[in-house]
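For reference, the structures are reproduced in the following blocks.
Below are two complexes that have subunit A in common, paired first with subunit B and then with subunit C.
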Partner chain A sequence: MSSIAENAPGKTVLLMGNEAIARGALEAGVKVCAAYPGNPSSEIIGTLAKVAGEMGLHVEWSVNEKVALEVAAAASFAGLRGLCAMKQNGLNVASDFLLNLNLTGTGGGLVLVVADDPSGVSSSNEEDSRIFAKLGDLPLLEPATFQEAKEMTKTAFEMSEQLGLPVLIRSVTRVSHARGNISLDELPKGGPQPRFDPSRPRISLPAVANHKILHEKLSRAKQRFEDSPFNFYRGPENPELMIITSGSGWMYSLESVINLNLQDRVGILKMGTTWPLPENFLLKHFKKTDRILFIEEVDPFLENNVKETYAQNCIALGLKSCFGKASKDVPETGELNPEIVTHSIQKLLSISYEPRPAGYAQRVHEAVSEFVPVRALGFCAGCPHRATYWAVKVALALDGRGGFVLGDIGCYSLGLGPSGFGQMKTLHAMGSGAGLACGFGQLGRFGLEQPVVAVCGDSTFYHAAMPALVNAYYNGANFLLLLLDNSATAMTGFQPHPGTGSTATGETAPVVGLKAVCEVFGARAEVVDPFDVSATVETILRLLQDEKGVKVLILKRECALVSAKKQKSLYKVEVDQGRCLGENCGCNRLCTRVFKCPGLMWDATAEKARIDEAICTGCGVCAEICPASAIQKEVA
Partner chain B sequence: MFLSKDPLNIIIGGVGGQGNVLASQILGEMLLSQGYVITIGETYGASQRGGAVMSHVRVSTKDQFSPLIPEGRCDLLVSLEPVEGLRILDTYGNPGVMTLLNTRPIHPIDVISGSATYPEISKVISKIKELSKRVWTLNATEIALEMGDPIFSNIVMLGALCAIAVLPIHRQGFESIIRGLLPSRLLKENLKAFDKGGEVVQEIWGT
Partner chain C sequence: MNRGLKGLEEKVISQNLCAACGACLSLCPYLRSWKGRIVKLDNCNLEEGRCFAYCPRTEVDLDGVYQKIFGKGYEEIEMGPVRKMMMARAKDPQFTKKAQTGGVVSALFDFALKEGMIQSGILTPRDGELLPQGKIIKNRKEILSCAGSSYVSGPTLEALNRGPWKGKERIGIVGLPCQVLALVRMKASKLEKKTPFDRIDLVIGLFCTWALDYRPFTAFLKERVNNVLIKKLNITPPPERILEATAGNKLVRIPVDDIRPFIRPSCRICLDMTAELSDISVGTVEGKEGWNTVIVRTAMGENLLRRAKKAGIIETKSLPKDNLNHLIEASLLKKRRALDALKERGGIEKGYLTLSADLVKRIVSASGEAKP
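Take a look at the complex of A and B:
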């Protein structure tokens, strides 16, 4: 398998888009890399962490994206090259710093990679982060292929250094989480000695003067983009339709044109530098056609900005018809795919296209609707979160005052669905459960009688919930905060965090203990193992009915996937079908219908529960909930 | 061996946690070492958590393609779970598709809870046969469980894929990739899983 640190110029390797970005940063001589993990961006810094030792880098998982950008910017201020990576939501967190960093300018090349998640496949939203480039007057590059992801990263470092500005790279899931052939270039040796020049302070004030300087830098970026190799046209000299596209849209457009056999009728203007737009380049290509189709994910960013350029020059250019999201010829929301792009082209040119025989499509649709059950997302077998939500559900029912759970971002967000028994009732940003609880926790004086519960993961706590906890104590909010401590940033690939005792590069680190932090902030904190179901229910119930103020319960149990890598299962679990009373038990099939762990199965022949030995991880929780003691656990 | 089509479109699908990403990555590396241009689109993140997942592997002698295979254009389906095979054919199947299927089901939550039913395996297989040009089946999970860990199912399936000889891949390729990818203590078990998959598929379906 290829290592991204291999110094083998000319060699072709198979790399993921995120690894290609990491390789590009290495080829550019990056020294400091920082991020908070978030899909689809996590592997950029994750990959660099693995080679940090041999490449002589500092690579860290910072507590959040704002700190990560500040860490990378410090390297830049000292003359080194810095890389920061995040997902779209992360840029919201980092934006406060970014929108001042643009005014202070940078020193050593500083590249900020934002990986967007169209359709929100692993996110709470599908925000298009490109708008931040326009908002912050910053140059923006959008890779369309893996090779380009690597090359653009190198270009971004050079540009950043020349302009004294951070440069943004916007990737999307199908670039970041896709893999392809990459040709390697030379890795540089050495690097400058870092030094912060006190005669060159990095201060955003005076704001207006620095804003003006920023605009001058941006117009230099625009000039540079005029002859960028990342922008090119492919197609006939005067196409009936010209597609203007960026990012993932390039491959979808290219393949659609080929599949529809329209190479002689449709041209594609592929844009890699999407802010600021190279005006002269666009004007030259506008002349080729009077019908333009915009293909991009997610918002009509390119579409609107190109139209702005067109409007500015419309007298010279004459009338053009524009198709895209504004005209609803392309869906306004969601991820694109080859079918969507093919359909848009087909409709505009009034041509028919049948991807496969209609009879086949009908037969397969019928088979699927007859046979294929829905496969809902859920917690893994043996996941401590299932046990936690079970205890929460039972405790809230026993309490009987209509208590509810405020949530946030992590694997435990699945608590909103069937495998968390629908317990989680709010979902917004990192740490928002605790923040909302600070508000709900003040409503008692107006007559709110329901107990308020917030859930928050360990990594999320350090990222964004600590200020909420300080706020709760200071302002006297009344709620129970459940800290789901599974000892990993599990959702994004089990990265370490301040509570785990190790760093991104695998070195030993001091542990910032959750309980100690909560107590320093004035909250009373207790710890329980969620696999001890009865103790967890009792503790939650007691804390719900406890006196006023903020209470913290830490539910400590390692992520089942992390445990599985280290040790065999805790228990061997079996269903004694002689004891299982099936539908006659009166338990309403508690283990399968209600608890729903994928490690259990309903044996339709015997009409009893059984364990799926290919899935069960041996946590033993189901043995505790079976009222007939038919599920039995033995220490493995 | 030449590609039967260019690009040749392969989908490796199943349920989150079955190792389809690793399987597609190993397959991609095996094909890369034969000099092909590879594009792989992978499913990650939330969809890993018990959901339906797949990786699209596109193999060409000359070009990179979109990481998503267009509708109806799958040439070879490797499904680690039976109904997931059918689900993938719904979007990507066509009368020319070849299918290699692990016959061991993983019940979705709705089936476990009783609000949906899992079809009889024989019916799923016969539907997949009707909808494919050629089908090979084996119970890869059972083979992996016999070896002591269901985690090997994906490697059993890769061994079977190699043995059905529809792709320009071979055992030495697998061995050299796996040597670079996994710690050496895992090499023997993985090679055993790979070989076992090949043997079983040949026993059932001939060479």
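Take a look at the complex of A and C:
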């Protein structure tokens, strides 16, 4: 893999979209980079962290996106270039700061990259972050190719500095996570001396006056976008249909038009600057056709804004037919792909086209099913969260008062599914489990008899649950907070956090202890190893009976994937098939039918369980749940 | 009709008809008890299972069950087969001092152990919080720790299923009528046996009119005694009927009517007051403090009693006619009330019992007078 820090102008390298953004930031002379990890944005800061030393950068994993943006903004206020990256949900967290930062303006270039996750493949929601650009009157760029990802980052820094505004870049999974060829430019040397100018305070007040200034800046951005190279048209002079697209929609549209062989009938207007829209540029191209199809990921942001521009000029432009999400010619939700785009074009032009032979999907399925094991979305083998949810399930059932688990964001969100035994009953934002528990924990006075349990990961705790814990103690909410401490931000790729003892750049850091923090906030905190299932069940049951205020149970056990990299497994686990009860009364396949760790297999020939040695991580939890002591563990 | 955990859940657990006898516990990982409640932890999709087969509240064919134990059907409708009846009490003050009434159960059990008739027993001690649990006991000290009652039913039979049992170890067991019924169901079950029922040589049944639901009852008690640890519970005989709770140095008196709401619904549909399927049944004697009523039902029971009496372990007296009549009346009343409760729940035939119309008629019309 090429190093993004290679100073080789003109060289072509293969980079992931997120690496291209990181490279663009380096070429723009970025000095301070901060983020909270979140798919699909994590590799931007992750990549920069690796070259922080040689490039002389400060790169950090901040505790949350708002702090990350504040860290990058501080660099900008001191005249340095700052980069902040996050996923779409992260922008919700950072938005309070962002929607004041737009009024105070910035100094050194400040670029905020938001990577959206269409279909919410690794997210709790499907959200279009572009709305924030319009909401905050901020310029927005949308890369459609890997080269653009790099070039737009450089342009964004430059524009930010010219306008004195943060500039947003919106990526999507297929741009961030795919790889393509990038032509490198020179890496700058040196940089300005940072200094905060006290005569130029960064204060959003007076709001109205600053709002006016903001609008003036935005109209300058609009002017600049009129001749941006990121916007262009490809196609016949008078197409039967003109696609207006941005981001990954460009590649999908291009592929569809070529596949359908419609290059002389369909044109594509590719927009790279999607807020504010360059009005004159659009008007010029509107005249080419009276049928327009919008292709873009998630919400009809471009579609609605283009229609606004059209409405403003409709008398001059005459009647146009618009197709897209509003007309339902494009699916309103879910990620797009070339097949969907092809289908929309076909429908509008009444063309029949078979993208692949009938029965193709079925044949592929049959061909691979022999080699690909069927696995449900769930926890890894040896994941401490499976053991935790097992204990929670048992404890809540035994308690018998209908206790329920308020969920949060992390690997353990999978607790909503079979591998968490369906225990998790709510899922919203980072820290919302503990926050909701603060509310449920007050309902006892109205007669709520159900025990209230919230789960929260270690990283999520530092991110957003700490205020909820303070609130719980202060307002006397009655609930049990389970802190699932797996010592990693596992879901996003094992980034370190304040509890891990190291920084983004691998330096040793002071450890912010979970137990100590909870106790400082007034909560009673205990620690248990979730692999000790019976002790965990007992502790949870005991804490559930205690109905006075907030209790914290820290379930401490390192993420199985982190452990696997560092040490050999705890146990060698085997099934004594002679003892295994299989499907008989007394077991009925508890391990493979209910517990369902992927390390356990049902041996259909022997009608007994067995261990999949390739997958088992040797946590030994299944030995504890086996009713026949057929699963045996031996210290490895 | 599912005759596994699914059926058990539908017919018993979800209907709040569980007797908490413990017959279904420690057989599989799907059922566990906590604080007097039997809890289903996960779904089991088997069509047939021992949990259902052993349960005293699923598909009980009384005639078949009596055939299994006594070689004859459910004929003695008053209070089951009786070989002998008497009043008795233990002679050793160690037993009488600790006992709820006459100490006969403890004394007989201790004797059976000493004589090698059994090598271990299953009794039901209570923990400091009054929670009853089945326990394997081997000596007098352990027997004494189980004496007394908390009027709460507990999963005694779990101890039988759990074991461990060794070699030729023979077992004696003291149980409530529902537990004794479950034992017979274990014996009658055609499913693969993992239950060591065949080791049981002695079943001493306890008279029981009802048992209380642990959690609501203890929550109520705690409030009444201001959270002071309860040492002993006793219900005074009729007509007074007061629950006396010894809490610390204080005796708190609670009218029995106040605790009736905590009676397990399962007890209301139970026909058996005198543990009719035991070898020996033991209860109190109204108006004769310190004496037990003893009903000997089997040859084993008769043998034990004879030897114990001969060895001077217990003393006996004949049961006065009035007491006998009272007992029969009470036993029949329980049966009639249970039949009424079953009718209220949608009909006897929809309940857990198979009972011929003729038998129902006999129970309803039987007189409380002892046969000459």
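Quick note on the criterion: the second predicted complex is superposed on the first by the 617 of 636 C-alpha atoms of A that agree within 3 Å, B and C clash if a C-alpha of one lies under 4 Å from a C-alpha of the other, contacts with A are read in each partner's own complex, and residues count from 1 in each chain.
One rule holds for everything that comes next: a contact is a pair of C-beta atoms (placed from the backbone, for glycine too) under 8 Å apart; a residue touches a chain by one contact, two chains touch by 3 or more.
What you are looking at is a predicted structure, and each value in this text was computed from that prediction instead of being measured.
Once both complexes are superposed on subunit A, the partners subunit B and subunit C fit side by side without clashing.
Once the two complexes are laid on top of each other via chain A, the angle at subunit A between subunit B and subunit C, using C-alpha centres, comes to 90°, given in steps of 10.
Once the two complexes are overlaid on the shared chain, A:Gly334 sits clear of subunit B and of subunit C alike.
Look at A:Pro627: by the touch rule set out above, it reaches subunit C but stays clear of subunit B.
Judged by the touch definition given at the top, the superposed model places A:Cys380 against subunit B, while subunit C stays out of reach. Looking at the superposition, the partner that touches the larger set of subunit A residues, subunit B or subunit C, turns out to be B. By the document's definition of touching, of the two partners only subunit C reaches A:Leu398; subunit B does not. By the touch criterion defined above, A:Pro188 reaches neither subunit B nor subunit C. By the document's definition of touching, of the two partners only subunit C reaches A:Leu590; subunit B does not. In the superposition on chain A, contact of A:Phe146 is made with subunit B only, not with subunit C.
In the superposition on chain A, A:Ala178 makes contact with subunit B only, not with subunit C. Remark: least CA distance from subunit B to subunit C after fitting both complexes onto chain A is 10 Å.
Taken together, the two structures place residues 594 of subunit A in contact with subunit B in one case and with subunit C in the other.
Interface residues of subunit A, counted against subunit B in their complex, comprise 1-2, 12-14, 16, 39-40, 117, 121-123, 145-146, 173-175, 177-181, 248, 251-252, 254-256, 259, 337-339, 342, 355-357, 360-361, 363-365, 367-368, 370-380, 411, 414, 418-419, 491-492, 589, 592-594, 596-598, 600-602, 604, 612-615.
Chain contact summary for the complex, subunit C toward subunit A: residues 4, 27-30, 32, 34-35, 37, 39-46, 48-50, 191-192, 194.
Subunit A contributes residues 393-394, 397-400, 421, 541, 583-588, 590, 594, 625, 627 to its touches with subunit C in the complex. Considering their complex, residues 15-17, 25, 28-29, 32, 37-47, 49-52, 64-73, 83-84, 86-87, 89-90, 93-95, 104, 106-114, 116-119, 123-124, 127, 130-131, 141, 144-145, 150, 153, 177, 180-181 of subunit B touch subunit A.
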